[in-house]
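Take a look at the structures below.
In the two assemblies presented below, chain A is common to both, partnered first by chain B and then by chain C.
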Partner chain A sequence: MTAIDNGIREAAVQQQTQVERTEDNGVLPSRPLGLADHRVYYGALPTPDQLPLGELAAKLGHAGVRGRGGAGFPLYRKLVSVSGAARARRVAPTIVANGCEGEPASHKDKHLLWLAPHLVLDGMVLLGRELRATRAVLAIEAGAPHGKGDLVRRVREAVAERDVRQDGVRVEVVEVPGRFIAGESAALVSTLDGGPGLPTYREDSVRERGVGGTPTLIQNVETVAQVALIARYGADWFRDYGTAAEPGPQLFTVYAGRNRPRVVHAAAGAPLWPLIADAEPIDAVLIGGYHGSWITAPMARHARLSEADLDVPLGAGLIAALPAERCGLAETAHIVRYLALESAGQCGPCLNGLPRIAAALELLADPHHASQRNGLLEDLERWCGMVEGRGLCHHPDGSVRLVRSALIVFRTEIAAHRAGLCTGGDRRPLLPAPAPAREYAAH
Partner chain B sequence: MRTNPSPELAVDWAGCKGHGLCAELLPDHITLDDWGYPIVSAGPVSAAAAKRARRAVADCPALALKLKAPAAGR
Partner chain C sequence: MNSSVLWYASQATGIVSLVLYTIVMLLGITVAGQGTVPGLPRFSVVALHRSISLLSIAFLAVHIGTALLDSYVDISFISSFVPFASSYEPLWIGLGAVAVDLMIALVVTSLLRGRISPRVWRVVHWLAYAFWPVAIAHTIGLGAGKGGLISGWGLWLTIACVVAVGAALVWRVAAQQERSRRTPAQVLEKTRSEVRV
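For the complex of A and B:
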């Protein structure tokens, strides 16, 4: 052990005493942890003797964990239906930890995998044992861009550090193309089965028939990491964070003003404003992700960070403050154009509707056009209705949610644009929207 | 699943190419949107339309119209 290693270890030990106790202490370490440091920081992984079959599921049910990938589905219910399907058909299930963070503005999953890959791997081992899964796949964005280095390599190194015999579960790392919808469950199953990675029509849910036809549990990597924490510290520890309806520590990606986006740890019920106060004056805040919702600045100033209080889903955990000098319509048009280009192009309503919605928003975002074109809002409302709920995945639904929230939150700006004015001087996009990759271009 | 007495209509959106045949056979349950894709009314197929619904499913040129058990968990 070098002096540096000892230093890390000491810091880790110091922090370990806090990890169960304080509200503001990150559930994540401040630097990447290898397996040895990981065990010091979080404590040893419970053995099968310490956590007999059924006990983990009971803990997770009591903890009330909901998926942190966007949809927020209760983990316990998924677990029960996957194990039920496995038992009924006598087929060993597959578990998939979903690290395909398709949201270009979101970094929390990459941040987690970078700092604490073993927490995700622990969670996979625990879920794998509980479900007696024969396959455990960690899906991760191919060449995932991460500020600090090669994330895929780091994760593969972490997997190689583990003792498969001791774990009882062998984790496969699979690289998935970094597309917005690549992490959607049916698209992910398609990729893992060697298909094109697009959503498919399914008679049964992937919980019934997923990867290779087996009952498949797909959970976001943050949710899987929460499993590893709950197994160690208990459901009550988890419930000490957040509110009764939205328990647990959560990761958020925060954009506040000129600062680079950062990943923070927060819990439902905390005030939202301190996270974004740096960005003052603020025009609006985007909550959840590109499938999320805009809320107004006054709302953000007084609301607490919870779905109940904000009345919008926290989704994939994006919190992006739009500074007052920016135009919310231009920002939304920029995001929706990206979403339209990210459509897999399989489903007629999405293929036809999203580009029209994007084009209408671009006209609305330009005061010169907005003041001369009538019927833009009516077109938008009609197309939103025609797109919503009419696809194989929720890409159209989420895109419509964003558009509808923009039409409400930016209504004063819409009126200004229709009068030929824009109150936001800076029309450069705030949030990233990478150019589409070539794979879907053929559609 | 087709043995269920009152199934619901579903569309395989990746398969559907907007031929529009279903809307002609089942005007009481299906209309077309601006682009010719079916808008399927929610709920089970009425008894009066059950036979035409099976016909529409069988005749869909893209085999994209489906009958499935009602409110099956997704």
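For the complex of A and C:
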């Protein structure tokens, strides 16, 4: 924490604005902030004079921000290629803040938008000015379920509070169907262009030709919020959090024990165990999301929360501890069934592969079937190999990553199932997997 | 060269072209319908489709060349490209010219496939479904006449070609409908019921 940062917080407390600091160092407030409170809490948005063109990009490059939507792509490189494409073609770019969390178990983006919508809007304004974008779209899940109220309304109210002339960027709020793959960049562009919202084959990346054919910068809302923080507090403040390779404060959705999931703020390099210790005894931990990986409990006990240490991507920031009385195979089968049903059904490997993998996992998760059928593991291995690296989007790859990690982490459980036993007493699924609201139209 | 030799050469290469183009159609429909040929990997079905279509150009060239050289009937060079410009059998020769033009469009766009937009190639390639019936009409119209080879076994061969392509088209439409009804949920249910018996 730098002096500036503390100073701003002190000021907030001194002015008695009823904004309390939270346990997570104030990166997020403890209650939703309106525009006035937001300005007090975080400080004023830097004006174009305070932050001349080019300076924000330099700060973001120095900060080493990586996208928080799951893929972890460096923000600076995207920024450079979008502005390069815009300059080369003389077309004003579009920026999209992606709040389509999609992942049923993840709440960090909704949590952020609920508590600090103006932080995301600030980030959009800053990126919009930097790129001289003519369109700025905030995409959020239609009817996004959020425990505390109507998120879409809250975000729209926040947009209405702002002064467009002062911002220089008008933010449009677009509601996107809450499907697992709706937030994939090409699918999102398709939705924003009035299409079916499915991943599509694109000759050029969306950075070259995205929404309406314009160069498009799509960033997860948490990344956009980080832009607003870096513009205020600087790249060094950002790098004070985390490790050199994985800098910055990050939001995680944590499932630990019977409690409802929490959204916490943590930085890479911190010990993982304290976040999930409440769930003891645990069997395994799911890291990243439904496209993530299982790790064993002993590994979780000693690992640090970083991709380098865990050797798995932190992805969309899900950390879910599986209590020991649960069956990891049943849990994985439940998730993979959801993933298979969320396939758009456009590409053969995904349409024909994922449901078969899901069916085989269901058999494996059931000791009665697992003990009677040979060749299930071989089938799974073979099918995983057949769908990996194929298809228009990374849905098959991510799903296969989860299945492969389960086959390794739960191998003793697999042996038990093949002997007709299950060590998990509680077979109810832990993580949510909603049934599809509607099927994707067939092609 | 004897005129009747040229006449028979033209008729024979015409029939061979028809059979080859029928095979090209069948392979193309198989590829488009995402089907397979037993014993062949998918990429060789595509390769075969492409190679046979180029091979048939040679037969078509002989077919046209001999017809032009044959002095028994007077067909001008122009009328082999320009539809209905022929004084002899203007309709049937004209249909042959239409087929030649369509075939040139198909071959040229396919050779340039890497350089043109996929959509243009695709739209032009749909012309294959016009090319083949026109070629069949040309064959029957001229060949079934006096002295033509489309009688007896030649006629049966032509009928077999028509039936084969017709059946392939029915298969393609059915396969497409079956695929469009398939969803992940359906595949999951089907796999489940298969493995639990």
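Quick note on the criterion: the second predicted complex is superposed on the first by the 415 of 443 C-alpha atoms of A that agree within 3 Å, B and C clash if a C-alpha of one lies under 4 Å from a C-alpha of the other, contacts with A are read in each partner's own complex, and residues count from 1 in each chain.
Note that in this section a contact is a pair of C-beta atoms (placed from the backbone, for glycine too) under 8 Å apart; a residue touches a chain by one contact, two chains touch by 3 or more.
Everything numeric in this text was worked out from a predicted model, so none of it was measured.
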*When chain B and chain C are modelled together on chain A, clash or fit*: clash
_Just checking: does A:R390 make contact with chain B only, chain C only, both, or neither of them? Give me first, second, both or neither._
first
*Figure out whether A:V65 sits in contact with chain B (first) or chain C (second), or with both, or with neither.*
neither
*asked:* Quick one: is A:V224 in contact with chain B, with chain C, with both, or with neither? Answer first, second, both or neither.
replied: neither
*Taking the superposition as given, does A:E362 touch the first partner, chain B, the second, chain C, both, or neither?*
second
*Once the shared chain is lined up, is A:S205 touching chain B (first), chain C (second), both, or neither of them?*
first
*Determine, under the contact definition given at the top, whether A:N352 touches first (chain B), second (chain C), both, or neither.*
both
*Is A:V125 contacted by the first partner chain B, the second partner chain C, both or neither?*
neither
*Which of the stretches 8-16, 44-52 or 152-160 of chain C runs into chain B once the two complexes are superposed on chain A?*
44-52
*Which chain A residues lie in the overlap of the chain B contact set and the chain C contact set?*
350, 352
_Touching residues (chain side chain A, partner chain B) in the complex_ = 81, 198-201, 203, 205, 346-350, 352-353, 382-383, 386, 390-392
*Quick one: in the complex, what on chain B touches chain A?*
1, 11-18, 33-37, 39, 66, 68, 73-74
*Interfacial residue positions of chain A with respect to chain C in the complex*: 337, 340-343, 345, 350-352, 354-356, 358-360, 362-363, 369, 373, 436, 439-440, 442-443
*Using the touch definition up top, name the residues of chain C that touch chain A in the complex.*
179-185, 187-188, 191-192, 195-196
